[in-house]
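Chain naming follows the written order as A, B, C and D, and within any one chain the residues start at number 1.
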C-alpha cells in the first residue's frame, strides 16, 4: 500500500506551536508511507492541487492529512482525493490544530503528540477499504397519516409537486380538530370557510387517494420501499353508491347515539354524516348503537336509502400500498379533564369543555349556534372560563403548557359577547400566553373591547348551589379569595398525545417521548424529521401547536419528502454495518439493540443469519459492539481499524 | 432413593417423544460421573443423579436446537436452560426439562485433598454416595467422608436447589432457600492491595495453557468455532501464549457473560490447572446485581440487562467534574 | 479557573492516556475547547468513534492491559445521542465493566466515562485536566509481560 | 395469634376523652362485624398537630413508639378510627423510608422497627374486609327515610398519592356503607371542606365561619343529620353548633353522628353501646323518624 502524508501549517495556527517539518520527517518512517510533505494551507486551492498531483505522481493508494478537525474539512479532502481518482474513504485526518496546537504550549510535547496522531491515522488508513454508496430504487409515492390541517397541507403540497399521495384518516371525514372549530384566532374568521376549500381540494386532487374511516394496520420495509397495510374499517355503507343525501339519518330510530363530532353535546342517530361539510360526505353506521346489530330487526335506513347503499354485512378490508416516504400528522387528543374532582369530574351538565362550547357556538352545531345551558336550555348571563385545565399540572403528568388555550379562550370570550351582548365573562388564568403575530393585541381586545373580566388566580372548586354553579377561586392581584356565580363554566382543556400514538409509533419504528409525542430528529435543526429515515412528522403529533404552526410543519414535511423522492434512486451512506455470514451464529443480539430496526433475521439454507438493510442503517456501531463473535462490523470503523489506532499508540512503549 | 426411581420412571415416559434425554451416567472411575445421553429404555438404568453429577447438561442443548431433547437438571443447570431460552439460543418447546431435588455436588479437588494420605482418587475400587456421606474403599481401607466437607463452594450459596423451570419434577419440589450470597469467594482476592491482585493474576495467567476448556465448558458460550479468541477479523488476541493475551481472553470471556452468567462454575471446574477464572465472572455478576437488581437465568421472559437500558438509571450516578 | 497550564506532574514525562470520543458531541466539544484556546495537558490521544455506543468495553480492557496508563470515554449526554439510544447502552456497559477493574488489580480511577456536548468546550478542558492530574497522581500503570516471542516483534510492525 | 380479621387497634387520645362515643361505638360495631381489635399495649399520643408543628422527628418518634409497641402483638395491620392519628402514623412510616430521618427517629425511640408496617382507618377495613354487601345482609333495623349528608373532613383521603384510599376529591366510602344499611345519602359538595380543625379553641370565629358554611349548606340540602368519621370535625360541628348559630345568626339543629353509631344502630346494637346521649345536639327527634318500626323498639 502506498500512503501520502500532508502536514498543514494552517498559516501559524499549527506551525506556531508544532514543528511541522519534524512531523513530516517522522512520517517517512511510518508503515507504508511513500511520500510526506508539509504545506502552508492544505485546504486551499493550491494545497488541494498539491495533493492531487502527489497522488498521481507517486501512485498513492491513500492519503493522510494532518490539519484541523475532520468535522470541518473531511468532506473537503474526500472530494479532493476523489477528484484524483481515489475512493473517498481511502483518506484519514489527524486533528493537530484543535486537539494539539491550540491547546498545548510546549512545542516538543505538541510535536510528539502530532506525530503520534499521524501514526494513528496512518495505521487506520492501512486497514481502510474502498466503499461505494449504494443505489436503492425509491417509490415516488408518499403516505400521509392523519387528515387534520397539517396532513391536508402536506398532502396538497406533495401532490402539487407531482408525487402520488395516499392520505389515511381514522374518522369518517377529514378535517381533524379544526373542522370542529367555529371560528379561529386571531382573525376570528370562520374555520370551515378556510378549511372547507382545502378539504375539497384533497377530494378532487387526482394524485391524492383518500382512505377515510381507515387505520394503519402494519408498516414494513424501509426508506424508499415502505409497504403499508391500510385497514378500511367497515362503515356498513357502500361509499361507492352513497350520495350523502342524508335520507337515512332522518329516519334512523336510535336517536340517542353519542355524537363524537359534537363532543357528546347533542345526540345523533346510529347512521350519520358527521357534519355538513364532511369530506367524504358519506354515511357511516356506529355498530354499537345500531339496533340491527343488537339483534333487534330494523333496517329502516336500508328501506329509505335511494341507492341501496346500506350493507350490514360489510367487513373490514385490508389495502396494501407501496410508498417511499411517510408523514405522520395524527394530531392530538383533549386531556381527560374528569380526573379533576374539584371541577365536578363530569357530574355537572353546566361544566363543559372548550371544544363542546365551540360546537355550541357553531351554526352547524347541535344548538344551531345559540349558547344555551345544557341543564335547562336557558341563555346563560354569566360565563366563567377556567384556564390550564390539564395543562401545566405535574400532579396529573401534564407539566407542559398546551400553547393554544389562552388564545382560543380569548376568542370564545369575544364570541360570547357577540352572541349575548348583556352577558358577563370571567377568565381565571395563571399567565396569558399569546406569543404569535397579532396574538397579544387579540387578547387585549377581548378584555378592553369585549369586557371579559380576566381574574388572575386558580379555581379551587366548582359546585352547584341552587340552579347556579359557584366558582371559588383566588384573585392574586387583589390578594383575596373570590366566588363567582356562573350559569355556565367552560374549561380550557389542554391537549395530550393521542391515546394510540405509541402504538402507531411502534409500527413506524419511530420513538416517542414520555407523554407519547413523536420524537423529532433534532429539537431545533430537524423538527419535522425523525431518527428513522423516510418518516417525517407534521403538526401536534410532534408537540402541541396552533393552526399556523401545524400548516407550516405540513409544508415543511412535504418539502423534506420532495427532497428525498426528487431522484428516483436513493444514495445511501456506505458507512454502514456489514455481516460476515460465516461468523454469524444467528443469536440476533444485534437485531435487539439496533435503534433503527436496520437488521433483520434471514433464513440462509435453514440457518438464521443477521442481515443489514444498508438504506436504514445509520452507522452508529451498536451492533458491532454487541456481537460477541464480531460477525457484524461497521464499515470504516471496524474493530481492527480502531484497534490499529490504539496499537499505534501502545507499541511505542 | 425414592426420587431416583421416580426420576427414572419420568425419563422412561419422556423417552419415546424425544431424540434423547441428557443426564449423567457412570464415569471413568467410581468417584465421578459423566454426561450421559439416554436414547433407549435400557440406558435409563445407569442414570446417576446425585452428588457426583457435577456437569451442566445445558451445555449440549444449543447443538440440539430444532430437535426435541429431554434434559435432567440440577437447580443451577436449570438456570442455564432459562438463560438459553431468554436469549432464544434454544426454543422452549424443543426442551423437556426434568428436575429433581439436588442436595449439592462434590468438588473433585476437595475429595483429592481428603484422600491424599490414602492414595490416588483414581484407584478407588468402590464408592457410594448416600444421604450425607461418601463411603468408599481405597487401598483396602473403608473410608467415610461427610458430604458437607467436600461439597462445591457454589452449593453453599445455592438459592435454587430444585429446578427453577421444569416440565416434570421427581420428588418434592422444595422452594428457594433463604441463603444470602454476599460474594465471600471474592473476599479473599479483594483483601489484597491492588498491586498484589494484579501480580496474582499475572502468576495465575502465566500457568494458563490457553486450552479454552473454560470456554468449551460454558453453556452460554455458543459461538463455538467463531470465537473472537481465535480470529483475525476482529483481531483481539495474539495467538501467542503470553500472560497479557491469556488475561485478555479471560476478560473477553467475563465481559461476554456480564449479566448472563448464572454462576454454574463449570468454567472453573473444567480448568486443568485450577485457575480461579470464575472470580472475574462473579465480580461482573455482582456488579449487574447491584446496578440492575438482575439475576441471570430466573425468568425466561427477562432480557439480559446489557441488551436494554432505561432513560433514567436508578443506580448509575454520573461522575461530576 | 484553576491553573491548568502546569507541566505534567511527577516524572515530567507524558503518560499514555487514550480517549474514545463520540463524533457528534464529545469530539465536537474537544474541537470547541480548541477553538476557545482552552489550554490542557497534552497527554490525551483521542480516537474518534461514530458513537459512545460503538465503544466495546474490550477496547478499554485491551488499551489498559497492553500499556496505557488511563482511558477516558466521552459521549453525548443521555437523551441527546445522535442515534437516540447509543449512550444509554454505553452507560450500562461501561458502568458494569468499571467494576471488573479492581478485581483485576487495576486501579478503577484509571478509567472514566463521562458525557460532554459539542458546546461544552470549557467543561472538556476541566475533564481532560482533572483526568490527566488523576492519572499522574497514580503514576504509570503496572505492566504485564507480553508473549515472550512477541517481544522482538515490538518494532511497531502491525500484523495486518 | 390468627391473622384473619384480627387487627392491632390504636384508639387515640380523643377516644378516651371528648369522643368517647366514637370509641365505644367503634368497638361495639367491630365486635358485631367479627373484627377482633387488640389494643396496642401502653400506647401514647400519635404526635398530632401540637407535636408535628414543632418537630417532625418528635412526631414520627411518638408514632414509631406505638408501632414498636404493636410489634409485640404480631399483627401486620394497625387500624385507628381517627383520621388525624391515621395521618400521623402513616406519615411516620413514609418519612422513615429515608435512612437519615429513620436514624434520627431511632435515636429518640431507642427501639428501631423490626419490620414494615401498614396503618389503615377503621372505615377502610369495614369497606374492604366487610364490604357494603356484607353489611347489607347483617342489617336488623334498616335506616329507611333517614336523609343524611356525609362529611369526610380534609385529612382522610389526602394527599391521594400517599393515602391511596377512596377518591381524593370526591370520596364516597361513608355514603356507600350507609346506603347499604338503608339510609338515603344526599350529594354534598362541601364534603371535603375544612371545618376549622384545631382552631376551635384559639380562634372560635374561624370555626364559626367555616363550620357555619358547612352546616348551612347541609341544612339547605334538606338532610336530617350530618355523618362524620373524625372526632375533631364532630366536635366543631356538634359541640360548637350553638356558637356557630350565635355567630352566624342562624338556627341550625342538625345532629352530627359518627358513622359507627348509625351502622351500629342498623345492626341492632343496644343503646348504651351507641352513646347517642353523648351528642350535643339531641338526635332523638331524628332517630324517631327512622322507619316507624325502628322507632318503637328504641322507646320500648
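Methods note: a contact is a pair of C-beta atoms (placed from the backbone, for glycine too) under 8 Å apart; a residue touches a chain by one contact, two chains touch by 3 or more.
These numbers were taken from a predicted model, which means no experiment stands behind them.
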| item | value |
| --- | --- |
| Result of counting contacting C-beta pairs for A-B and A-C, higher pair | A-C |
| Centroid spacing, where centroids are CA-atom means, of subunit B and subunit D in whole angstrom | 59 |
| Distance from the mean Cα position of subunit C to that of subunit A, given in whole angstrom | 36 |
| Rounded Å distance, subunit A centre to subunit B centre (Cα mean) | 49 |
| Length of the line joining the C-alpha centres of subunit A and subunit D, rounded to whole Å | 53 |
| Subunit A: positions in contact with at least two other chains | 593, 626, 639-640, 643 |
| Residues of subunit B engaged with two or more neighbouring chains | 235-236, 311 |
| Every chain pair meeting the contact rule | A-B, A-C, A-D, B-C |
| Touch list for subunit A against partner subunit B, complex | 514, 580, 582-585, 587-589, 592-593, 626, 628-631, 633, 638-640, 643 |
| Touch list for subunit D against partner subunit A, complex | 161, 167-170, 189-190, 217, 220 |
| Residues of subunit B defined as touching subunit A within the complex | 87-89, 222-224, 226-228, 231, 233-236, 256, 303, 307-308, 311 |
| Of all residues in subunit A, those that touch subunit D in their complex | 340-342, 345, 395, 461, 463-465 |
| Residue ranges of subunit C touching subunit A (in the complex, touch as defined) | 5, 7, 14, 16, 18, 23, 27-28, 30-31, 33-35, 37-42, 45-51, 53-56, 59, 62-63, 66-68, 82-86, 89, 93, 125, 143, 154, 156-158, 160 |
